[in-house]
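Take a look at these structures.
You will see chain A twice below: alongside chain B first, and alongside chain C after that.
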Partner chain A sequence: MKLDRRAFVKLIAGGVGGTLLSPLPWKLADDTAIWTQNWFWRPSPERGGASTVNTVCQLCPGGCGISVRLINDRNAVNIDGNPTHPVNQGGICPLGAAGLQFLYGPSRIETPLQQTGKRGDLKTFKPISWDEALQILASQLQKMRQQTTGLVCVSGKSEGTVPELFSRFLQAYGSPNYLTMPAAADAQALGSLVSQGTSSPIGYDLENAKMVMSFGCSYIEGWTAPSRMMAAFGGWRSQTNRSRTRTVQVEARGSLSASKADEWVAVVPGTEAALALGLAQVIVSEGLYDRSFIGQHTHGFEEFRSLLRRDYTPEKVAGITQVDKSKIVALARDFARTKPAVALHGLGQGRMPGSVYDFLAVQSLNALVGSLHQAGGMSRKPQLPLAPWPEVVLDATSLRGKSAPRVDGAGGSQFPLSTQVFYNFVNKAKEGRVQPGVMLWVYEANPVHNLADAQSFTAALEKMETVVSFSSFMDETTQLADLVLPGPTYLERLEDVPTPPGLQYRVFGLSNPVLNPRFETRHPGDVLIQLAKSLGGSVAASFPWSDYEAALRERVKGLANVPSGRVADEPGIEPWNVGLGQNLEPNYGSFDELWEKLTEYGCWFDTSEPMPSWDSAFKTPTGKFEFFCQKMRQVGIEGSIVTYLPHYAPVEPAGDTNTYPLVLVPYESMAITNGPVANPPFMTKLLFDFQLKGNDSFVEINPETAGRAGLREGDRVELQTERGTVKVRVHLTQAARPGVVFIPTGLGHTAFDSFIKGKGVNANEILVVRQEQITGLATWWDTRVKISKI
Partner chain B sequence: MTEENKKHDSGLLGWLLFVVGFAGALFVGWVVFPQLLYTTEYQPINYNHQIHQEEAGLSCEDCHYFREDGTYAGKPMLSACVECHGEVQGETEDEERLVSEFVEPEKEIPWVSYTRQPDNVFFSHVAHVKMAEMACSVCHRDVENEIKAPPVKINRLTGYPIEIMKMHVCEDCHARENVSNSCDTCHH
Partner chain C sequence: MSGNKANGIRYGMVIDVDKCTGCMACSVACQQENNVSFREDETNKLRSITWLEVYSLDNGKSYPEHRQAYLPRPCLHCDTPPYPPCTFVCPVNATQRDEETGLVNHIPVRCIGCRYCISACSYHARYFNWWDPKWPKPMEEMLTPDVSTRMRGVVEKCTMCVHRLQLAKEKAFIEGRRELHEGEYVPACVEACPAKAMTFGNLFDSHSEVAKLAKSPHAFRLLERLGTEPKVYYLSTQDWIRKLSDNVI
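The block that comes next holds the complex of A and B.
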């Protein structure tokens, strides 16, 4: 007997046979497959009981009610629309739904940071304690107390108690230099001031309108309060065919808003106001205007009528806008005969700044057809009956600061009307024409990325002695800060969200913390109160509260003291159907009960403020609605009679037409956010591959324009303007007006985290900013551009 | 020995070795391998299902309940135990340990799970227990008369307990009961 090769093979063969008949290979293969699904980096949600907390979204000014689902009361796993909230009616936009990526994303700042090296170097940011951070800031502010106007604050929010606290701090400290990011609201406020005598924001009774004419407003792509607009649009479209609300979109691009409109009017970009005046001329010349309103409650109609007759005949307007003469006449008749009809102002998402005359033109169209301060028309956003805080305590230094000229020249001899001229500040700072030792605070804003002519703001930052950021994220602006005082995200903090832009009824949203702050962040409101206390004197006296919550509660008490208003505690509330001027029976008995219900549901609303009556609506010198704006003349603005009337006053795009033959227009969409936060990865996934492919973003051009330039779909091109160049790819589409290049905004981040940055280019790097002569307001709607294949 | 015999002899040995190899492999595959593949974990303290039902009069739902939103709570939290065992009542060592090691320091009991669904499975207890009226013991071991909670065998490779069901078990039952077997019934 010998163990030879053959016998050994048989042993192995038996082993193999036995193994195959045992579970070993099969079980091992199966388990190995399962093992590969469970590697440690795969996220596995914690198991436990679910609960839902209502709060209010703060990712845009829209103020939607949201419900956040938590597991074990500490892990947020989902955000949905809150059906009891009247603004969004349970709806939610992609940004709101992706909100958890801000809470849990890697670009969160975890502690206060001090820049110990060169600005912009992330490696030399040193984590410091809150005590240290406040100590550093307080001692610098003490040193600057003789130069208090050197404190400049840029806020991305214009309404709410936290921006009010910032503005209050500057007042108490002694600086007039509180700025908000440039927006269409600036032009609307000035336009309302000169024509109606009050600068309150605009409200539209859209749910009750029968015809909506949008002058460049992306009305279902994020304009004003996005979810409110989606709900309103749904309302218009669910009406029966005969009386259905119709929409007309005046815009050069075949946007989603245009494609969903009953009519799309593709004007030359930048001439939207001229078309509004063209319609006005037809309405006036054919006698289709509201004679009783125009006759009794307006001033300067004859001057306006003469101007229209001279400059805005259908022939002339057709020449400017390249819209058919017959189309202009038909639109005008339709607009005048449909009651109520309303014209909308505010380019793009309604935050893109523009000229005061553009606003006056659109507003005059509403006035002519009797849609001003009427159901279904354009009115004012009602004020909230919040209780006032005690007066700011001023000492000699802050009184001096109060009367000092502003850093941006607003209210001075050049811009007597304006309350702020943002780009004057940017340009002066860039050129080193501001005082030395400026300390810049940036709150809820990312101007280094979000402002057109981004390079100029970056250059301006370089001239600032100190830059302080209150951001929750490592954004482009915060990267360049010297001191970072990170705030909690909106899901971790208490804050009020006042009536969203464009609404006709009162809404007070309360954003509740749905979970404990994840990091060592501190509420900016608390930071300001603590800072004021450490400065002492009148600054401390102006901030008498123990913390931000105490300050907020004090204001909210005002809501409990008015006889009307309810906490929205059931689904399907439609305040626009109640009728403005109707009192609502409160569903709370005391302030404490109101506060408790607010923290549970997140929204208080009220319809008791009526549309202004004719004897009180206009605070102008004549007490009437002024086509001819006396206020402009009063403050010393000089010019011909046209200066004081609504007219088409284009600020010519920079650059000559030979070098830059095409026009570049930025566009905003619901799939890319433009706010202080960057586009979350979930939303970037929504983009088509003709918008973003890999890291290349696309511009839209008409096939005809592309043909002339020898371009084909997907070609890589260089866009050159007077400001700079960027490299993009082209997408050919009939939705683009010939001769115009459309570029998306909100892409091209260079900060945040690896999931966000480097996606596409930032349109703001090549947009050229022009300023309106009389107000200094900026616009960057159209820029001349050259496109060349690379 | 003739050449032929030699050949035969070595053939016999060969076949013998074949059987040895075959039997050895079967032994390794069926006996040794499972021993190696699974670790045995013991519950931190014993839970006597029988005594809780018979003497304390508890029903299954007192501990294994559905939450208001319809989700299934699974294993009870310590708060359920504290309702009765705030202080030691009986004489067992396990109860003494329950009070001293968990109730008093307010520490959750780290029960070892006998079964667990993967994260990519959406499984609703409500749909099966309330709507389809299935008994718990269709899928889980019957604990009615259980005095000692058995140890849990955990697969070293996958991390799942041995009692876990494979997908075909779900599918067979769904097919039998005429319930959809499309992917998105369980995987969203």
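The block that comes next holds the complex of A and C.
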């Protein structure tokens, strides 16, 4: 059967000349081709009956409805978007479409593992049974019961019943040290707290906005809920809708989000918020603001007005952002006159907290034009009416843990406002300034690869006594774990997927197992319940459920008890057209019916929560929206009056300009995933050869900058920052701002499979993290860098 | 000989380049739907198989006037009379246009790998299997039985997901219908697109969405001047994108 095809073609080619006119050789060639090509090693997929199961994607927080096609109810062969799901409207993103490459991926973990040798040595991972694994963990936790605050959990998910069970476990056990991966949401929560009195996540009524101004958000490249954003964008560009929505992108890089916007405002990277204040100044000084809202429902407007007049005149802002004065004025007028207009916050995909003042600046723009808590504007993501679980049962130990200071200093005297200060934990642990004997749990996160300043987290890990991973995949963090308790993938497990980030209406997604778990995995929810039971006492009493499903059902009952809401059971549902505050007639009569429908369709939604009314919207000391944030003063944050107002508070990039003459800025895109999983082969294949070539990744620089450094397309260079050095190649493009080096995130994996491992460099290794003084929030948007040809 | 002028069915596609966000979900969905193989290193683009290739375009201007756009390109299923360039040169009839639907097929088991069709196609829509496709052990399980896997030495390309047409026809037949409703047969890429930038249907049915969009003043086709009559149309209001469509990609 080993017939070389080219030799074969040559063989027949000799005879072709003379017999070209006769059909015989062609017929023969055709037949031979058919006979020789039924290669026996060619895989032939199993045939059988096809079925489709609806569930919800969990590869990012986007929460898209998906339909999985199965053969013989057992082999998943395709993932499509589910057209009944209102978030993604039948569409799907590339990561979601490649989901089966995770289910069947070669880096799946098949059983619990115990590290019997040196950390990081994959060969000394010993497969153990679940009984053994749980016993090891339980006995360690028993031993630690005198120093319970040594249990630290890092969760990659911030919402949903499973992260809630993790934080509940820590409470019951007696540790305040529950952390989620840093994100722009951290700054938004703090900013909302000080200006509005509640730290609820943000919701944007984008589908009803007429003008969308994005301050550095990669709004069609993975920001908030990616498929929702792309669906909204498709709507804005509708061929039939005459009054289309205009988009403005404020960004340093000529990304797709910038190129596809009606207007791209190129700024100095990191000055997006300064531009927002520049627009605010024009709007205020020209009297274009919403007088009734500002007059009746805000506090500190006069102080804000004087600050704007002093520091954010178009001249000054032009100096900071390098945007033309006239453009600032024009943009401001446009933004104030188009109704409704909304300004978006969260640089890139929103994975970096940034400064709380950046958020306050963008939010103030929404407040000025009257887009706060209005249709087509910025509001809160509505809460789900889930039934509460019983209170956590606390014993003396857990009560002590509850009031103990957090490992990251959040809520203490240095960071009184913050609920978490991730990098404080990292730095303290790295320097050995945390208590001995820390046990770290990592759930749905891969901090060793995904956190900016990746080395620091790795160094911090070294100081931990025990590292426990709940991952389904052998990722970088799991490689360094002592104990691995693998969970099933999202296609094999039951879990809730609460309202995706940035939505204005309620969504409750139910992820169903579409097939039986392929390996000896166990649901983290079940693991926690079993663990609690074996610890006994009040910990066990806090977990009264037989299993995770029972715990989940208990919460979902709340949905059946409210008079409004529907299971999305037909295509084309557009909740934003219903209008917020409108009740929906439920299409189920009881909880059982609701549950059954949820498992069939995967999504419940509701529009009954109205935008907050002015008398109840703001829980601040003044009961108003506070430009001047009293809360900051109340908790003891000291400073001049500017400290309490939205302002531009840049954290200087690290490194001196002589040694590091250029600025390094990370960029994120739909082509490379930045979540806990690494790029699947289907996606990596599609990277352009000016993004990845062989194992080399590329950074983008402007030809002019390249010329000065004597660089040509494709040259190999070394990038050096205060943090470290990586070797990459350069791609010359006019999309790059002169003087700036743009580096893609998500590459440079040292784990997972041979399809991604070793490809490109990890930008996080050279990004320098700086912390905001009053909040401890981290910024790594701009880092000084030196580029040298090698 | 050529049925392309007759009334009937001409399946085609309209891709709105202005709506396209460049996410490439279409291309990933195509790979999954059609058992397209993948290798550890796919960075030699002359050897990489991507039925739906997404091209990166830019307006050639300097920062900050620079703009980029992505242009997804399936096989364009040319309606060239009397034959599309690729089928014309195939010595073994491994690729033909089905005159009932206008779809240009390719039958790998007939293909002798001479690659004439690859050179004949102006759009680089055809790919050659330089290696035997291999799936790492568990990944074989995600192969769909709807499309057979290919082998070293043959050409492959976008089929417009013709197996989906087959399935839709069977379903219609069972329900006692001879005709398909609009939207019953939709290729995987069109279904996946989260921005709804792609529209698919019968270009000969003047009521269909696709026919209406194809007549839009913003509609254009790639390399129109070659006279290949592609059945994939593009939409853009941007002059620079429309101009580029006449360049060789």
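Basically, the second predicted complex is superposed on the first by the 743 of 790 C-alpha atoms of A that agree within 3 Å, B and C clash if a C-alpha of one lies under 4 Å from a C-alpha of the other, contacts with A are read in each partner's own complex, and residues count from 1 in each chain.
Just so we're on the same page, contacts are C-beta pairs under 8 Å (C-beta built on N, C-alpha and C of every residue); 3 or more make two chains touch, one makes a residue touch a chain.
Bear in mind the structure is a predicted one, so any value in this text is a computation, not a measurement.
By the document's definition of touching, neither partner reaches A:Val578: not chain B, not chain C.
In the overlay built on the shared chain, the residue A:Ala387 is in contact with neither chain B nor chain C.
Of the two partner chains placed by the overlay, neither chain B nor chain C lies in contact with A:Ala654.
When both complexes are overlaid on chain A, the residue A:Gly694 reaches chain C alone and has no touch with chain B. Applying the stated contact rule after C-alpha superposition, one finds that A:Pro45 touches each of chain B and chain C. Counting the residues of chain A that each partner touches, chain B and chain C differ, and the larger count belongs to C.
Chain A uses residues 6, 34, 37-38, 42, 44-45, 47 to touch chain B in one structure and chain C in the other.
Chain A contributes residues 5-6, 9, 26, 29-30, 33-34, 37-39, 41-48, 69, 71, 75-81, 88-94, 96-98, 100-101, 103-106, 108, 220-221, 226-227, 230-231, 233-234, 237, 239, 254, 256, 259-260, 264, 266, 518, 670-671, 681-689, 692-695, 702, 733-738, 753-755 to its touches with chain C in the complex. If you check the complex, the residues on chain B that touch chain A are 9-10, 13-15, 17-30, 33-34, 37, 67, 69, 71, 73-74, 118-120, 155, 157-160. Residue ranges on chain A touching chain B, taken from their complex, read 1-4, 6-8, 10-19, 21-24, 27-28, 31-32, 34-35, 37-38, 42, 44-45, 47, 49-50. Across the complex, chain A is touched by residues 16, 18-19, 21-25, 27-29, 31-33, 35, 38, 40-45, 48, 50, 54, 56, 58, 61-64, 66-70, 91-94, 108-114, 132-133, 135-146, 148-154, 188, 191-197, 213, 216, 235 of chain C.
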